[in-house]
Amino acid sequence: MSLTNEIIQQRLTEKFGEQVSEFSTSYGMLQFEAPKEINLKVLNFLYDDAQLGFIFLTDLTGVHYPDQKGRELAVVYHLHNLKENIRLRFKVFTGVDQPDVYTATGLFSSANWMERETYDFYGINFVGHPNLKRILNVDEMDYFPLRKEFPLEDQTRIDKDDEMFGRG
Amino acid sequence: MNQYLIAMDSWYILEKLILIGALIGLSFFIAMYTTLAERKIAGWMQDRMGPNRAGPFGIFQPLADGGKLFFKEEITPTSSNRFLFLLGPALAMIVALITSTVIPWGASYVGETRTVALQVADVDMGILIVFGIVSVGVYGIMIGGWASNNKFSLLAAIRGASQMVSYELPMGLSLIAVLFMTGSLKMSAMVEYQMQHGWNVLYQPLGFLIFFVCALAECNRTPFDLPEAENELNFGYHQEYSSMKLGFYLFAEYINMFVSSAVMATLFFGGYDIPFFDETAWQGSALVLSALTFAVMMAKVSFFLFLFIWIRWTIPRFRYDQLMNLGWKKLIPLALINMLISAALLLFLNK
Amino acid sequence: MPINYYLFLSLALFTIGMVGVLTRRNAIIIFMCIELMLNAVNLLLVAFSKMHYQAALEAGQLATQAGVEGQLFVFFIMVVAAAEVSVGLAIIVMMYRNIHSVDINFLNRLKH
Amino acid sequence: MSEHIKLPEGSIEKTTTTLNLGPTHPATHGVMQNILELDGERIVSADQTIGYIHRAFEKLAERRPLAQITTLTDRLNYCSSPLNNMGWHMTCEKLLGITTPKRVDYLRVIVMELARIADHLICNSIMGVDAGAYTGFLYVMQYRELIYEIYEEICGARLTTNMGRIGGFERNFNDIAFQKLEKFLDEYPKALKEFENMFQRNRIFMDRTMGVGGISAERALNYGFTGPNLRAAGVDYDVRVHAPYSSYQDFEFIIPVGSTGDSYDRWLVREQEMWQSLSIIRQAYQKVQAFTGAEAEVYHADVPEYYLPAKQDVYTKMEALIYHFKIIMGETDIPAGEVYHAVEGGNGELGFYLISDGGRAPYRLHFRRPCFIYYQAFEELVKGAMLSDAIITMSSLNLIAGEMDA
Amino acid sequence: MSIVQILFWVLAVMALFSALMVITSKNPVYSVLWLIVTFFAISGHYILLNAQFLAVVNIIVYAGAIMVLFLFVIMLMNARQEGASGSKRWVTLAGTVSGGIFLLVLVAALKDSELKTRSAMVMDGQVGLIKVLGNELFTRYVIPFEISSILFLSAMVGAVVIGKKD
Amino acid sequence: MSRPVSYNLIQKPLEADISMAPMPDGHQGEGFFATSLDSVIGLARKNSIWPLPFATSCCGIEFMATMGSHYDLARFGSERVGFSPRQCDLLMVMGTIAKKMGPVVKQVYLQMAEPRWVIAVGACASSGGIFDTYSVLQGIDQVVPVDVYVPGCPPRPEAIIDGVLRIQDLVGKESLRRRNSENYKLLLESYGIQ
Amino acid sequence: MQLTQRAKSVDRQPLTWLESIYLWNILKGMAITLRHMFMKKATIQYPEQQRTFSKVFRGLHVLNRDEAGRENCTACGLCAVACPAEAITMEAAERQPGEEQLYREEKYAAKYEINMLRCIFCGLCEEACPKDAIYLSQTFAPANYARKGFIYSKDELLIPHPITDREAYVKALGDRQPPHSTTHTN
């Protein structure tokens, strides 16, 4: 029996009702949203359910939408059912003031570093993460560089001398 | 040994001094050019040219390296022990140089008034002395690695020590079978025995193989170069050394190779014996004979040096525990069996 | 060479070894001092062996084997020393593993 | 005596040694730091630090027009940069709804498989180097040089190729490129065979790699392994088969899988994949040669909005000039939407998660970098192993710092 | 003074000095190194006594194997300095005094022994050569020899058993 | 898209860096010997430059090609690639140096024994290249003095060899006294070394 | 876990006896290395021998002139926009009367600098140029001692003048055809 986007949507709404929302298909991939409180429940359901079996976390990352008040930060999970060869995208949103999301490390070992990276970039606080600290940037960094309000270049940097680049 | 001490005359001392000087010079020269040979042969084996800018075909390359090392800054890590740090390379060098004294480098020059042996000391227990010195050789690595106060160096020192101590055993055992046959520990006697009875390697191929493997291990050459495995330990025990101290370590390694090649040639390949030729039937000048035998010895040594290099650039290295397993679980039993069988055969044939 | 020389040299070495055993606390050093004492004895044994050999020669015996026992004894002592060191060092290493020290004063405790 | 009973403060040191591997250690290709806790030679624990060449690709990508992002993807996994480039172009094509002609697909397959060979070749030969045998590495590196020459003919650069454009290639492959490709197809199998002879059944090498850094299929999946490393653990997951892109469905090839997921399996899987890649290249080359006439000149999709017009037209035709300006200045319409596209990179599933808001540059571009994801399993892989095993494991994982740190 | 005497005194002083350094060095690695020097000096004495075999065996066994083991263990423990304080002063004093007394007693006892007049043969004598020793070892002393090998084996096994973790 | 031109033939003159300038020949009173010793040692050093490849990214891969059979840096006597800073003469920084890495580069430089030279290979190491971002050091000359820059991203092996040749020129000409000179001390001080 | 029908297990057989004694495969490897020792060497001795680069190699930039020797660049700035490294700096100027033999278009680049140290030789500027003005050549950028040696100004980028410096111009063209009369509308 092959799994289709419709079945997944149906199973999800059966289980979570109104809480999962915004179902859509983007370039063939099902995507939906859930409140951040139940992200683990959704992931668990997708993982454990015999029919769904999304046991592979392809990707986990964050997105910053500064214009959406109250839900500025999104955590995007890409899950993959290898047997049925179907992927889905699952998002949870959180406010920038208190960006707490439950960690998925208990379910996927691979989430460990991806969450650390997301924390490093966006400051999303993964509650329950075993070792939530910066991974790519230096520990002393005091901002979250990938948020839209921060410029690409560090404005305070002193190590760049424009004269050296023929722009003086 | 006593007779030497008593029978010393000034000519004798002079002769030995010249011989020692020549040997040291030879060791250095060979070591220098083995480094070049290593680099050239490695290059050729890898479809490259190897160093060829310093002088024609790069023959001044070792001089350039030496010159550079001499004028490089000496760094003694602040936290390391100065004296021990200096002692390490010194020991490595001294020990490497001493070993060559008991090896006969060619047929004795029989002159009208005196006979000049191309050997510094033809002692009764020549091969035992080689062993004694080799067993002390490990201190160079251990002390150097320890004094560097660096964890990589320390690990390398520990590896080197255990490796060299372990591989001395099969080396000695494989040798015993040879000693059964030659019946003497004297190096010159061994060569003479082989001149008459054919090379030992024909009777002791397994013994030679074990000896050769152990020689690789004692010289820290691939596949046993664990103490200086650059990919794991980052040059290991001489990691913290710069300038000529480093040069001493590198040189010592090549001198060790040179000497162990000479020992192998002497023990298993007839030493300075010219193959298919009866030296006693030589009619010409004694000097020419000495020179010829010396050349043959050098040819054999070069072959072994080439073999060392060849192996180095072909095979991967062992892991520490595998190395120990090979030594203790394979080579020692093999050497023992070899020894037993040789002993049994000798007894049987002598009956 | 008068045998007295060797006698007193060995005695001195032996005493040094003994003082080391008495004063040092590091088990390894103490062990090394024991080796030193053994070596002092070895030296004396070899000297005695040669003393007997000389005596035999002077007595006109053509005995090349006179005094050989002394040297054989040294040989056996070396064998025993090697065996002793292997076991002893193994014990020291174990001790270090357990109490993280090679100070013999901590060895007084038989259990943790 | 009682004064001795109590151990003085701090006298119990830890019996383990802390060894700091990297960031300039020779075995950490690129840069990463492993802080190993050693008990003798055994590894008690490992702590990895990465980010030593973090270059903020994702932030940069938010400033760069789609076409310029190839210069970033080039530098992700620099051992196989065309693979990344092609993946990126396909992501853009997916977003823009461009379908590429078959010939472009096949050419891409050739380039991608060449890149895969270059990638695996480096990994496998470096494993040899880390095991102490340098020579085999130089033998096969000569053929990587040949691959680079082919690249150079195609795009003008060796390593960071900036190859391909959205919709196809920047120029048609010239004859020299095909000649060199033929030469490669002809000579490389011999060299690869020789390389295998030097290592594959060499007991020293087998002892060094067998049972080293093994992982079970379940753990591997849980750790997000993909690519050869996952296949070595016995899961035949290959994006080329599961989600065929660029006409991979037209090719016959098998997926080599291992059983234990150890370093030797990884080595064998990579070795087999190189043979498979060679076979794919042969097939693709045949298919490319089958095109004749005008079809043989097709090297890009016919999408004037996104593909730069021919230079001669730009100089002469007004319309082309306008398109040219529009494309370079980024004034063409780009649909808003979210795309995830994955290709089978050198190390596994290389994913591009692109969120476009219709602007000239992506709103958000996230790279799913396989290295980054599976390197976190390193501690589990090497725990209880020896120091040398850690080195071999590290090189068998094919860690590319550029990809890991982005 | 003959060359033999000069050699004897040089070696004797070397042995005594390095032995003293063994027990006074703070750093155990230095102790090991000084002990090696002592062994070399003693080996020198053996050569002087023409006990060639023992001289070489002494170097191989003591300097080449036993001391390597010591150094190895010290490195393994990475014991750079002896514990903070070293020995207590009174322990040192008591040890030295008792050692001195011991030496005194023995010297006094042996000073006037009949041995005084006899001497050991130096630089000559066949007894120390391998041939003689080997002959004896494998004929008259063959049983002790074999027993010693069993002792060795048991020591090896013992060391392995002790050294095994848990 | 064929290109109408093939070569850029204009030789850009080499910028002799003032701080690197050798001392005047025959420095007072030292006479012939000192000068010729200088040149002999210069010759020796020049032919025995042991590189320390600080290869972080793409350029490191091209360095492999440079060491490889086709280009073979070993011809210049530089194949003894060491990763121990104590033993090497030439620090080859290849690839992006992030801010996190900067102190490491400096540390490695400090550990090297005099005389030491630094070559910045590739755009990233020399100037940051395209990575004008918050995390990348804009050129390693921010932390260590650089002797030769090699442009390219990554430079071809030929270009890397070209850089090594420039270093050889520099090494061959260098006075033995340069490392003790005031100029050099000032240079190091400007980087906060010593 | 079997997902497809295409999986095939790798050849991981246990060691045979011959292989387990090490020697056989070591000898095999040694035979290979020995054989390579006598093979032709792959090395290109760079400073003396030079490899020809591909015709599309992306090296140092060249600013093109037309056959009359006029600079093609019109300072439109597309190359600077397309440059991912932001290595191109230019200042535009209006062509004054009397300069028609110098500049082809009404506008020209009064200053045109490329920072070769920043440049990543991606070729996007060449692609972006609508005026046949900037090309990447087959010469790689040489090393230099100081940073300022890498700011290539217009003088160092311009191709030699085809009329006044014909010889150098032909040399710069290499094996390309001398430009036949390309028709330009403006």
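A, B, C, D, E, F and G are the chain letters, set down in written order, and residue numbers restart from 1 in every chain.
In the analysis below, a contact is a pair of C-beta atoms (placed from the backbone, for glycine too) under 8 Å apart; a residue touches a chain by one contact, two chains touch by 3 or more.
What you see is a predicted model, and the numbers here were worked out from it, not measured in a lab.
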item: Contact distance in steps, from subunit A to subunit D; value: 1
item: Chain pair that, of all pairs, has the most C-beta pairs in contact; value: C-E
item: Gap in Å, rounded to a whole number, between the CA centres of subunit E and subunit D; value: 63
item: Subunit D and subunit G: spacing of chain centres that average the CA atoms, whole Å; value: 24
item: Interchain centroid distance [CA atoms averaged], subunit D/subunit F, Å; value: 30
item: Residues of subunit F touching at least two other chains; value: 1, 68-70, 72, 75, 83, 100, 127-128, 130, 132-135, 139, 153, 156
item: Residue list for subunit B, restricted to those that touch at least two other chains; value: 45-49, 154, 230, 234, 313-315
item: Residues of subunit G engaged with two or more neighbouring chains; value: 1, 3, 26, 29, 32-33, 36, 41-43, 45, 55-56, 84-85, 115, 117-118, 120-122, 127, 132, 136, 147
item: Contact footprint of subunit B on subunit G as seen in their complex; value: 26, 29-30, 32-34, 36-43, 45
item: In the complex, subunit B residues that touch subunit G; value: 41, 44-49, 310-311, 313-315
item: Of all residues in subunit D, those that touch subunit B in their complex; value: 17-20, 25-27, 38, 41, 128-135, 138-139, 142, 198-199, 202, 204-205, 207-208, 386-389, 391
item: Subunit G - residues contacting subunit A, complex; value: 1, 3, 87, 89, 113-115, 117-118, 147, 151
item: Residues of subunit F touching subunit G in the complex; value: 1-17, 20, 69-72, 75, 119, 123, 126-130, 132, 139, 141, 147-153, 155-159, 161-163, 165-166, 170
